[in-house]
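After this come two complexes, each holding chain A, first together with chain B and then together with chain C.
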Partner chain A sequence: MEQEQSQQTPLVDFGNRIKQAFFPTQEADDDRGRMRTVLNSLILHLHPTKVVKRSLSLTYTWGLGGLSALLVVILAFTGILLTKYYTPSPDQAYYDIINLQSNVVFGELIRNVHHWSANLMIITTVLHLLRVFFTGAYRLPRAFNWVLGIIMLVLVLGANFTGYLLPWDQLAFWAITVATSVVSYIPIIGPEMSRMLLGGPEVGTATLLNFYSLHIGVIPIAMVILMSFHFWRVRKDGGITVARKVNEDIVEKPEKLTTLPNLVNKEVAFGLVWIAILLAFSMLVPAPLEEIANPMISPNPAKAAWYFLGLQELILHFHPIFGAVLIPGTALVLLVFLPFYDFSTQNEGIYFRSKRGRWLTGIAVLSSLILTPLWIVLDEYFLNWSNWLPDWPSIITTGVIPVAFILLGIVTLSEVIHWIFEINTEERVMFLVTFFFTALIVLTLTGIFFRGPGMALYLPWNMPVVTGH
Partner chain B sequence: MTQNSKITNGSRTEKEAVSRRDFLKIALKTAGTIVALEVGGVALSYFQPRAGSGGFGGVITVGLVDDFPLNSVTPITQGRFYLSRLGDGGFLAIYQRCTHLGCTVPWDQAKQKFVCPCHSAEYDDTGEMLSPPAPRSLDLFAITIEDNHVLVDTSQPLTRDHYDSSQVVYA
Partner chain C sequence: MKFFSYLKQHKSKLISLIAVIYIMALLPLYAWKEPVRMEKVELELLTENIDSAMTLYAENCALCHGLAGEGIGPNPPLNNPGITQMDYDTLFKIISFGRYNTTMPAWGQADGGPLTEYEISQLVALMQNDWWTYVQTRVINLGLQPLIPFESEPDPELLASVAALPNGSVLAAGITTYAAQCVSCHGADGLGTNIASALNDPALREQPQEEIENTILNGVSGTLMAGWKSILTSDEVMSLSTLIKEWDTIPSGTIPAPETPIHVTAESLQLGETLYAENCSFCHAAEGQGTPRAPSLNVKGFLEDTNDMAMQQIISLGVPDTSMLAWETRLSEAEIQAIVGFIRAWEPTAPEVAVPARGSGNSAGGGRWQNPGSTTDGSKGPPWMRDGYPSN
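And then the complex of A and B:
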């Protein structure tokens, strides 16, 4: 082949050849060229070459899946930096964190970004799940991606949980003690599972090492594999669902735009804004660090991490087998099977399914906002089955009986709504999921703001000040 | 199966219940299952806690019998338990770990009770549970009394549902 006569100096040619190795596609100035760029780039090819114009609207996805993915990247990056100054041993871990915060340039900022990104990630994945649920985007063919998503949500919680122990302060030590005790209530395999997690009978050296390897090895690797799978499935399922207005028919051939620059530019801008928000927040609000872990003294109150306080609230009301195992376990299993029960895709892409669906969602939120606090107060101060039936085992008095009453109440409520509005299956599913999710929020807020010393209920403005131990 | 063997031709006869292909399929699945079980078993035993991290310690000599007044509860920090001496002179070594979810229960001198800071379970000076959410009474460690010395074996907590007088050790 005839070598093209170059006008450039040899050095520039040399540079151009290197550039070509990394960016084989010329900078495109037409749509075909831009589509080719997307196809040929490893990162960009997670996207299709063209996207439905409507799916670009921020108010449909709220960018929540993308933000979760961005957070994974930020967490990996800051996490690797943190390992440079951290030793996973009870004698060292706490002092390493202190040293990182006081003696290392930008050390505290890096810890804060890691901490707040991890917390934000729980919020964004849960909101992403809700967005997928309320737009009906989880039915076949997307049901598999829904299940993958739930596994990822569990992994996100697992990553936060294992990371929580690493600073080895009082918060960490007791939150993990309580949580691993919860595990030991799982029938048959529980005690053994708890012992393996802990690497012994109590939280100690082996526990810290176990959690460290889970936190920086097992969970991140699983997460990357599942995320790749998740994104690939979004493509295989024909891209994300197309947003629709209430009563609008499915558009057969929706208008499409090229991914580059329409989607990519939006994503970059969105990502940069969130990085700025995270940095600003992390400069202003330090990640908490309590006193060094002391196995002799449990702080009062000993609260779990905020995202587990809904669960902790359940444990305060029910026998642990119900509060920690059966209720959350059933909820998770039902969530996994939801798309196979509520499977009609008629209203896919419409927020809250229909006009009536919007009303139902509102009613579900409202009734849960009233009934859940009412039940918390009733159970705390008035219902006392274990005193009324002193000879019955606690699993009956604080488990079977209250759960039966609550189930009865919810079935009644759902039947009343059915009778008034003549709702169909999908509307009933939406009503119940909304009701339970709101209840979870109420329980979590109760745990955060209303529980004080001895785990008694207080109004936030009357909360006794707990002094150091 | 019969259908399968009808389709196959050649030397095979109608009587053959399992075709070559079926046999290989079954053999591979069986082998795969065995390998999975083996790997699972090996993994389970690999993830067992390390040897030597089983208990907190051996036998601790806490002191002389008369060091402990009647109706007193004394924390023994290095053994992670309380030595409770009842009104009749009997001893109980009560593990400090709440049976609910594992918090350390402090002895409240004023209330004469153990009150758990985590979810407010209460226990009396024998470790007997007084209020939920505790599912059972506090665990014990075995006590022996030799030459007027109180010895407590802290290697293994002993679980019990309720207090009864046979658990008390006398000098």
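And then the complex of A and C:
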């Protein structure tokens, strides 16, 4: 060996020394050596030394968790660059964005990458949650990690929400005004919470500074801590669930491959492809920027950010206490406790649990796609409980009564499905979650595409345009 | 075959390589295009902001600085190289803080004005980039053209009758000064305009004379009323205050408004044409030739005798005891001016004698009311109302 080394050219020797800095213990070029490399590396140690061969399949996890983590890194990197050209004050913020667009080389690109990564991250984290749910990978011992994931989803929404205000244009100003007015509907603590968030009665200097510190300080730190916790729990819970085919038994000792190079190479390829996609997209599509925020001129309609439009749509239909607090709050709490109710790990790793589960998911999506728009139109044009029962308080006529009707309808639907398919608890949970999630998507799409001036319903191709002033 | 199996074996590495090459190609390409993009964005922003500034100028500045920054009376012109080459800070400060001892008030919100810093910066961009020809069109289209400063010529006969009054010589001097200095803002006969209040006003006459003189000398801060200390002599101020105190003794028409033509642009002509067709052609006929219901407008006599202001007044206030309505409640001032501009455009080709449209049935005005029972064609109403109708 020594003789071989002495024969090498000095340049290769130089390279070897650098390699040694990163991988101090030179491992043999075999499986065992590669496993030891992973074990001894801080970063690669995120992974086990060997992974189940089947879990490597892209079509099982879709790499959604990894993509979200990559987006966090991209967001941190671009975010730090953006802070160099940004001042969180109403006098300066908008000019800084303009300056970024017209005077800073690559400024616009960095802002676009940051903007589109943040928006993409909402989609990837939600899809990640759905993937975990549909493969039944959220039960004990992974239930705690499921809860961590939901907290991080809330953080992602919070990061997007606080970042939305920073450009200080009309879009930002009014979206935050609308969204924070929703907060003030929470009984008792709502108005105080809204004041705390805004730092005053309305969106102003204090709000911008408040949101800025949340956006670049509090939320990222919380995010990094929770992410580390999340990754650590994945390892402690025995890695990700193993993909299975329908009716396939759990294999006691599944075939495994070494992490290096099988997993790492795939991850690198996946990450690079997404970076390329994001770059190309950001070069072509600029992040939106409207006129400078003007508290005197409110746009019509004033809409929240797209990911909150489902919530805004709910408030159009229900009493604020139901639309802003009880319905979304209950949904979140139920989501947290879901793995403790739907606890059987029998079908773990199988997409949609079973063959029948796949049919049920389809039926849930389809029925929700039909029923939700139907109900939106009914509620918009025909149901008018507050006029039919003028003496009753509005919380009954626009809250309790419609919610009771909807719950009754859904219980009936799930009983009918139960009667036809003889479904078990697990499948019923899946049916209902799918139904409600599809409803949320429909509500969000309605908010984005079908709401026009005065938040009235319009067909997207008939949308009237209201000009300013 | 061996090559393909190699590729299959190293699929991830291959994809990584392609992605890296792709990124490496994209970045320099973007960097190469970056200066062009930045220049384009800057131009777009400039255009956008100057466009906003033109509206701001029309709403806030045109009143004193003129239709296209040419300046009015003592208010300085802006459309000259002296202003264009002034640096940003100086211009911003002048607009934001105002100028002491002139009519230029502070416009910045920090100093109690109506404009945000952003709006002021837009105005500076407008001034530095010399877009005044477009400004003129914008101001006219918004119907915000300023009163052109004028000196009125007091009616000599009435002035002589005033001079015969007990306090006559002082009053006559006051009228002469008013006609030269005050009339362009405070209006003919002191009746006020949209920029300055009426002085021929009982409430004002109750004020002590010193107070009125004080106002003239020192101005009213926060308004366009400047202090006239340096321009008017104490005798002139005294005669003006006397005039204000005793205006009820002055016959109306002593200080008349001179003629000021209405400005037209292609857009305002277009608007005038549409509005005329919608509102006026019904009675005055499509070409202004008139109908039995209303006189012709497209005729030399009318157009030569009626100046723009008179025509605007007729449309605004209507003609009592005729079917000519007061249109000021239905149309805005700008719309009425657009109609006046449209009618004025007929003047060069107007005939000496108009031939009213009558019963042709094809023009927008004439034919509309022609029906068999109409009295306008001499048929004297429906059959049962005519003489000789067999009623019994």
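Assume the second predicted complex is superposed on the first by the 442 of 469 C-alpha atoms of A that agree within 3 Å, B and C clash if a C-alpha of one lies under 4 Å from a C-alpha of the other, contacts with A are read in each partner's own complex, and residues count from 1 in each chain.
Basically, a residue touches a chain if its C-beta (ideal position, glycine included) is under 8 Å from a C-beta of that chain, and two chains touch if they have at least 3 such contacts.
All figures in this text were calculated on a predicted structure; none of them were measured in a lab.
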- Message: For A:S394 in the superposed arrangement: first (chain B), second (chain C), both or neither?
- Response: first
- More chain A residues in contact - chain B or chain C: B
- Task: Considering only the touch criterion stated at the top, classify A:A206 as touching first (chain B), second (chain C), both, or neither.
- Result: first
- Message: A:L272 in the overlay: touching chain B, chain C, both, or neither? Say first, second, both or neither.
- Response: second
- Task: Could you say whether A:Y351 touches chain B, chain C, both of them, or neither, answering first, second, both or neither?
- Result: neither
- Query: Given the touch rule stated above, what does A:F431 touch, chain B (first), chain C (second), both, or neither?
  - Reply: neither
- Message: Per the contact definition in the header, classify A:F308: touching chain B only (first), chain C only (second), both, or neither.
- Response: neither
- Note on the structure: Dual-contact residues of chain A (chain B, chain C) none
- Query: How about chain C: which of its residues touch chain A in the complex?
  - Reply: 11-13, 15-16, 19-20, 22-23, 26-27, 30-31, 34-35, 37-38, 41-42, 45, 116-118
- Task: Could you pull out which chain A residues touch chain C in their complex?
- Result: 91, 94, 98, 101-103, 105-106, 108-109, 265-266, 268-269, 272-273, 275-276, 279-280, 283, 292, 294
- Task: Spell out the part of chain B that touches chain A in their complex, as residue ranges.
- Result: 47-50, 53-56, 77, 80, 96-97, 100-106, 115-120, 132-133, 135, 157
- Touch list for chain A against partner chain B, complex: 174, 177-178, 180-182, 195-196, 198-202, 204-206, 295-302, 315-316, 319-320, 386, 394, 398, 453-456
